[in-house]
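Both of the next two complexes hold subunit A, though its partner changes from subunit B to subunit C.
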Partner chain A sequence: MGDLLKESLTWGHFLIFVLAAVVMLLIVLGFVTYTILFERKVLGWMQLRPGPNRVGPWGMLQTVADVLKLLIKEDTIPQKADRPLFILAPVLVFVPSFAVIATLPFSKSLYNADLNVGLLYYAALSSISTIGVVLGGWASNNKYALLGGMRSAAQMISYEIPLVISVVGVIMMSGSLNLRTIVDGQLGGIWHWNFLPQIIGFVVFVIAAVSELNRTPFDLAEAESELVAGYFVEYSGFRWAFFMLAEYVYMFAMSTLITVLFLGGWDAPLPFLNFIPGLVWFALKFLLVVFFLIWLRGTMPRIRIDQLMGLGWKVLLPLALVNILVTAAYLGIING
Partner chain B sequence: MKGIIKGLGVTFKSMTKKNVTYAYPDVPIEMPDRFRGIQYFEPDKCIVCNQCVRICPTECITLTGKPNPDPEKKGKVIDTYDINFEICILCDLCTEVCPTEAIVMTNNFELSTYSRDDLFKNKEWLYANNTKIRKENNAATPKGGAK
Partner chain C sequence: MIRTEELLLNVGPQHPSTHGVFRIIVKLDGEVITEAIPVMGYLHRGTEKLAENLTFTQIIPYTDRMDYVSAMTNNYCLVHAVEKLMGLEIPERAEFLRLIVMELQRVASHLVWWGTYLLDIGAMSPFLYAFRDREIIINLFNELCGARLTYNYMRVGGVKWDAPEGWIDKVRRFIPYMKEKLEEYQNLVGGNEIFLARVKGVGSYDAKTAIAYGLSGANLRCTGVKRDLRKDEPYGIYDRFEFDVPVGTNGDCYDRYLLRIEEIRQSLRILEQAVEQFPEEGEIMGKVSRVLRPPVGEVYTAIESPRGEIGCYIVSNGKDKPYRLKFRRPSFVNLQILPKLLVGETMTNLITILGGIDIVVGEVDC
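Take a look at the complex of A and B:
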């Protein structure tokens, strides 16, 4: 795949790229389907109930049924809504969420594009989704949607900064923005993984990532008990489904990113376990991160908007900056 | 910070705990004795005293009697006996007042139907409702169990 990208574009290559994208999309859709089921199951168990178990064996077809329901629902667009923007918003939210997957490596040989600015590409594209959120809130012509959109924009912009700054330490240690090179720098067992030397960066990154994903305890943008549903209150049917899909695709991308940046990607935790393929290790760590996100949702209540901004600007940002300083000082002493 | 970790521990532990939910439509719920469910009516015991009709707060019971077919016996026997479950509040008064315990409560409670007409139950239906009949029906026993 990486070599093909370097050659000149022919119809054959184009076909391969399209096929790869479609396969990736199907994998992501399958992941989203079963993450939603897994999330509902885990939340159910945490609340002493079984979770979905009626549709299909063990509730396996619950999400399929839900999505089918969304697809056959009437597609309503409010009369006073800004029609073109209203239609554009879900597209603008979803497309970047899928485009960021292009740069994420899954194992030594399994990756889509070997970008040398991979991390920057991720940060840049994921912030486009914020525009889609604000657009959706504005175009709905509804005060709750607008409030939700503005909250969401404020939150996502505030947490984008600590998110990006907290990985600078990782970038300094590996000397590259390329995600594959970052993993290569962590090979050789659990004590080489970035989350140990970069523990401050890791914690800041995880908190900022949860906030970027708009998940509990930072789900103020949706806040179903306060803002009806936040920015997509006027959306229904498959447009609404696209917002939800984008949310879960970001969950996929962010969990992959955490695995790659801090948990050693496809590296085995102990060197003698190397006979197990890297993809298995990657999947295990990835699922651990996904479980952690769901676990956090099952545990914590939503925080207030003033606490949110205070945490972002007064705690996470200084911590991320201190992390850069400490990393720089350490590298300076080591390298003389 | 400590609180968050504690909370995570609580939720993690409760994942393996026993569920508190019932598998209700699949597994029927056994109601305790003294539950006020749909009445069971036994026509042979009824003496057509009309007390249940008079005490009923929602006036949902209607009954008619006819002379005893055996000419040597006095009194009446029941002819029709209907309870309208659209308005019956299952208050237990009809069964408490009944001198012969011809009408008693059962532990059945599933009444939902697609049509309101189905809620008008007649003598035959109430007689057929003969499962899970409540055992403790004597109003003369001291309230709140044995002293």
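Take a look at the complex of A and C:
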């Protein structure tokens, strides 16, 4: 697709772009459908139960049925809610989640936009979703939702910063914000991948990413045992589905990002395994990250909000800064 | 200048972590609680008043429904009081059966607590593990008396059903299994940094406060007060068995957690001895008249339920129904310290502290 981008825009090319976007959308939606099933299955196995197994073979149509049910539900908006904001909030959460996918590369030749500031674009757009969450919490006119929204804002500020700073090391090593260039810098086997030299950055990034995704143990914004459901407590039907969809699309995007930044993207772990297509390696690493996120959910209790802030500001941020320093010193010595 | 306001939040009566229909009105300053008012009574059924129009045998099913997580000990509380009033002798085998079911019930009750407490704290899986193991106990009870939750098993003078063939062996096999699982759970949860950070030092109080509030059970023992009615005022045949009364030191949620885990171990220890000494044969009902007419008088007996001291006070005027009946419900008494503990805590700690007290709303409201 890279060559197409360089050519002039004709109707034909435009059609191809639209088609590619639709295909990408379908892939992402397919992923979301089956990640939800996968998550429920894995959690089920961890918890001594079979998981969904009634709709379709092996429960394959469970999520489809769930989505259908959500779509035909009555669209309820609380009377005292701030109506325009209430409607806007799920859109604000959902649109950036799809927009960030544009820059993510999946293999050497499979990517949508070859943006030179890809990483920055991701970080910038993904924070917009938090505004949607806060807005949803506020507009619902529900106290639990408000608390959830506020928690989400506090969490975003504490975690976006370590998240971005922890990747500075990676950027320094590859000298680019372009995600494809970052992967190109890691080619040649597992010992070239960033997670080894950037181990501090990697750990900080993964922790901050889990928090960014609002997943256990950092699912404070929706903490169902405290805030019932947090910011989307008043949402139902397809609006709720949009929040859920955005959550899983972000899971897709974040897993891709972790794979690309730290796990060598589509690079084979050992050079002689190169005959297997890069996309397969990418998918394997990507699924590993997804499984890791689900695994966390099956085993971890929820952290408290003040502990979360403390962890973000007092531990992760200094660690990320140290990582930059170490990387700079290392690069300085190597390059003389 | 930013104008700030206190937020009045109704936690409950429908809330996932209030363990039933219990409600707390909290005043929040940000996320910090400045005042908490518990509202109870949503599950009030007037058991004590109803009991005045019921014969003593008819009251037993009502006790099942008070602390529905630990119905066996409630059964025992009532029949024990009536027996004491009437001065009845209980056959050996019945005593053993009672002790075994009560200790099994203690294990089951603490398992429910363990699972739901971790669910409150945000860990999902332990709940299902706990319920798997509780299921074994429930099945044992089901085999014994045909019910899974409200057993109606004990009678004044003995127990209703004898142990079916092989039942004691099943209990015997359950003990090592549960011991092994307990280690596994401790590995899974006990060392988790997040869990420790959530419970250590949260909701702590000293022994003086605990006694002043009349707390009992693990809520009292966590402060270092060594009081267990099974040891201090032995009832039934508890004086024949060897077991320890674990105590805590800090009086926080973590101590209460450790205590309850340790209490499961001690219960298993009692069970081990009990199944060995279990009499091969014998009566399960003492010699009691068909219609129970306790002599005129009053009686108060207390036993150690999983939640603390459950007491039964009966005033009899010589009829087949009590003149007045009063239960001292540990959940209700233990709950009274909640408003004091909550001031200055966050919303998150509210759940941790409330869960740590271990209430059953059926018993709070009675």
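Quick note on the criterion: the second predicted complex is superposed on the first by the 333 of 336 C-alpha atoms of A that agree within 3 Å, B and C clash if a C-alpha of one lies under 4 Å from a C-alpha of the other, contacts with A are read in each partner's own complex, and residues count from 1 in each chain.
Everything that follows uses one rule, which is that contacts are C-beta pairs under 8 Å (C-beta built on N, C-alpha and C of every residue); 3 or more make two chains touch, one makes a residue touch a chain.
If you're wondering where the values come from, they're calculated on a predicted model, not measured in any experiment.
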**OP:** Tell me which partner A:92 touches in the superposition: subunit B (first), subunit C (second), both or neither.
**Re:** neither
Subject >> Per-residue contact with subunit A, leading partner among subunit C and subunit B >> reply: C
Subject >> First, second, both or neither for A:298, with subunit B first and subunit C second >> reply: both
Original post:
Which partner does A:48 reach: the first (subunit B), the second (subunit C), both, or neither?
Top reply: both
**OP:** For subunit A, give the residues common to its interface with subunit B and its interface with subunit C.
**Re:** 46-49, 298-300
Subject >> Complex contact set, residues of subunit C against subunit A >> reply: 7, 9, 15-17, 28, 31, 118-125, 128-129, 132, 188-189, 192, 194-195, 197-198, 346-351
Original post:
What part of subunit A is in contact with subunit B in the complex they form?
Top reply: 42, 45-50, 295-296, 298-300
Original post:
subunit C touches which residues of subunit A in the complex?
Top reply: 43, 46-49, 143-144, 146-147, 151, 216-217, 219, 223-228, 297-307
Original post:
Where on subunit B is subunit A touching in the complex?
Top reply: 4, 7-8, 10-12, 14-21
